[in-house]
């Protein structure tokens, strides 16, 4: 099952990277970045599960928590900037 | 025996999610998509409760509570933001 | 007696940012805290000069791999000094700048200024890869906001592009860390260097990390975000961005190559690729800089070119394991001279724009007559960028040249000298315009003294620190 | 089986979200993606991450994206073939690299056992929160810094955002009824962080959700702007002050002595809770 | 044991109700009737699942929380259904 999740993580990274480069629309780019982030987090969490200890490794969990909060902050700025840009363009 | 029963149960719940996803995809209007995604919210909560039933881990209830709370917030926000008209003010 | 703690270097700017936002006497608070943080930076540099051992501090008393380590050695101490100097002068400049222009932005500027300072200190002190990610994120988000600060469309667009690329780079970096963690199970650089020896798996993780660092430090295929971002914002912010914010990724690359990664054939190929990209960055950056008509864009492209040097020397980082101290010295001095000179140039360009209200080069004639301080700032910093003798830039290039000859990379040395020549080609028009025609009445408008003096002092320091390099180099070489 | 189904659904929702022409629809799919990834974290025994993902990654980000989609009318242009080609090339390259990397991953212990050994010295019983607030507390300090920075950054842009609300008595009553309950429950989640699944970010984000509902009903919080300002600062301020305090006392930066660790962590969690809530609420509104 | 069987049975009933709701969502023709199917399924199906969970624990705190989940779910379902239908009708 671990390998399935690893591959899922990689696929998420790949498709979102592709769409990030291809998309011309800021909204799509933002969504692609968020999905890319989720893929990376999935990789981390799967690594956490891949141990010999009974419960999974808590360190990647903490790192991913930090990562999610950082990603949300970046998204908040991006949303604000895009809305501002749209206002300016009108 | 129990495994089979629980497996069937989880199958039903996941099928439920899957059908919701189909409707989100097909939904001719945006409202339909959003409704179906609400169904996914409920279905997800139900799945979490089923996990609770199976594993008896108490944290699933908190997760379910968080899930239920936020799914509703998203639904209401969708109705107001996307479907509504915007006004300056609050 | 309060003992010295590396945490002060991070907490004080953070607290300063909060106080400067909520208190009405924000300028005084900013001044006080800038001085305090500057003194701390100087103290930490002197600390490394005095003690010959690196100072390690485990936060919370948890040693790696469990906790996070802070490390102060010669190199990071020197960079702390650099940050301190540049930030202090930019702070002095901004006090005056936001008094006369962009008053609304001045309210928030100090918050981001101190945040940037804290992030930079955190970055150069940290030795934990994930902690570096968070520090990098602090840096890039601050930078994005600083770019957007003026609030007009050009700036917003530039900052949006910058934001997207930097989130992408952060995610790549995080992916690389995840891959390293999956293989080696540690995040601390010193532990990682032990675990990495005689293994090869790190190559896969190095790929996303290198891409991330290349994006963040605007290496050639990814350089396109830099010129609009650095040229469209207010002068103090441009100075900070161009002199400080893009240096950390290059520093991290140096650390990884010199101290963490073992010798491996594929690394050698990678170093060749990086140096080709660096050489192209020098040429293309210089070419575009020569063609620019506006001073800020010229300076931004010159940053692309100057960052190229740091990557051009990648083979030296790979082969120079024996000469680690010399490589550190050359790298650090190059970064130092560029940071001071570029900050001074951007601040002076702010002066010029303040007077002329335009940023075309042709709109700033006669500065040598009307505003000698600004001219001398431009002169000294330009000389440092080119690497004229006596300047710090000269010493840095000399050291690099010496290294490349010692290790047999004659071509790299040649490209570097060519880069110097190109630099003189784009710095020269600025000087020429300063002397060209008679100053018109319009340009007699006085610039606030603090703005002139701080820009001048930075340029002067950049130039004259070439004469005290013995002292600086000794500091860098301390372990 | 279950993992397979959930994973495929996750992948499909990501794909649809990226592929669909209509940005609104991709927003909806993105929210579903968030829900599903929350379920997947649960399957991977990472309930803390699941809670954060559901609340922050899905709901709060979803709200932001709704606002964004409504406010932006940019058309999605088709990319040039050349762009597509090189995007495909880069993605393929990374795919190859990562697939090769997969073959090198082994099942190993990493830091996990070390964390469990030192858990009793951390002042917290939940492993994830011990890592988050004690072992790697410095990361969390910078993280709180990042979120504070981001929100003040968007405030500094000083733009007039449109506000969306529905002046409806039912919604008003409901949101008023809900708010005290949400405050209580989010505090409870924050408190749970010391020994079980939960924590300050989760609790704060939940409260932010409640505040958003309150704002959606067209009501303003009965709080002065200055108080909201102070709440937003609280997390960073308290955290760094505590770090400074311990440094000044001679213990070292962010080094809690064992007997004071629980109380320090509690204070820090409370401050992060309140500031996360108001920061995210402000992030949604885009102004004070 | 009897409780256990009852609980599992309830869970199944709940799951089937939810499934019926989703099938309704798929099969029904227009938005309002789909909304109808959705909200019905929420209340009933979800109620049964919560009931089954309540039967399988004996902690008071769990009971309270489960009841809260159910209350939240039905109130939200009502609210969201109302909001969606209302908004759609007004601005269609």
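So that you can tell them apart, the chains are marked A, B, C, D and E in the order they are listed, and the count of residues begins at 1 in each.
Quick note on the criterion: a contact is a pair of C-beta atoms (placed from the backbone, for glycine too) under 8 Å apart; a residue touches a chain by one contact, two chains touch by 3 or more.
Quick caveat, the model's predicted, so the values are computed rather than measured.
Participant: Along the graph of touching chains, what's the shortest path length in steps from chain A to chain B?
Facilitator: The fewest steps needed to get from chain A to chain B is 2.
Participant: Touching both chain B and chain C, which chains are there?
Facilitator: D
Participant: Out of A-D and A-C, which chain pair has the most contact pairs?
Facilitator: Between the chain pairs A-D and A-C, A-D carries more contacts.
Participant: Measuring between Cα centroids, which chain is at the maximum distance from chain E?
Facilitator: When every chain centre is compared against chain E, the largest gap points to C.
Participant: Quick one: which chain's Cα centre is the longest way from chain D's?
Facilitator: The chain lying farthest from chain D is C.
Participant: Centroid from C-alpha atoms only, then distance chain B to chain D, rounded to Å. What do you get?
Facilitator: Result: the chain centres lie 19 Å from each other.
Participant: Using the average of all C-alpha atoms in each chain as its centre, how far is it in Å between chain D and chain E?
Facilitator: So the centroids are 27 Å from each other.
Participant: Which integer distance in Å separates the CA centroid of chain C from that of chain E?
Facilitator: Centre-to-centre distance between chain C and chain E: 57 Å.
Participant: Rounded to the nearest whole Å, what is the centre-to-centre distance of chain B and chain E, using the mean of the C-alpha atoms as each centre?
Facilitator: It comes to 10 Å between the two C-alpha centres.
Participant: Show the residues in chain D shared as contacts by 2 or more other chains, in ascending order.
Facilitator: Counting only residues that touch two or more other chains, chain D contributes 67, 69, 94, 98, 105, 108-111, 115, 136, 139, 143, 146, 149-150, 153, 157, 159-160, 166, 171.
Participant: Could you list the positions in chain C whose residues touch two or more of the other chains?
Facilitator: Only 130, 134, 137, 141, 144-145, 148, 151, 179, 181-182 qualify.
Participant: So which stretches of chain E touch two or more other chains?
Facilitator: 68, 75, 79, 83, 86-87 - these are the residues of chain E that touch more than one other chain.
Participant: Please list each pair of chains that are touching.
Facilitator: Final set of chain pairs in contact is A-C, A-D, B-D, B-E, C-D, D-E.
Participant: Which residues of chain A touch chain C in their complex?
Facilitator: Contacts found on chain A: 13, 20, 26, 29-30, 33, 36-37, 40, 43-44, 47, 50, 60, 63, 66-67, 70-71, 73-74, 77-78, 81-82, 84-85, 88-89.
Participant: Considering the complex alone, what residue numbers of chain B touch chain D?
Facilitator: Residues 7, 10-11, 14, 17-18, 21, 24-25, 30, 33-34, 37, 40-41, 44, 47-48, 51, 58-60, 62-63, 65-67, 69-71, 73-74, 76-82, 84, 86-90.
Participant: Once bound in the complex, which stretches of chain E touch chain D?
Facilitator: 68, 75, 79, 82-83, 86-87
Participant: Using the touch definition up top, name the residues of chain D that touch chain E in the complex.
Facilitator: 166, 168, 170-171, 174, 181
Participant: Of all residues in chain E, which touch chain B in the complex?
Facilitator: 7-8, 11-12, 14-16, 18-19, 21-23, 25-26, 31, 34-35, 38, 41-42, 45-46, 49-50, 52-53, 56-57, 59, 62, 65-66, 68-69, 72-73, 75-77, 79-80, 83-84, 86-88, 91
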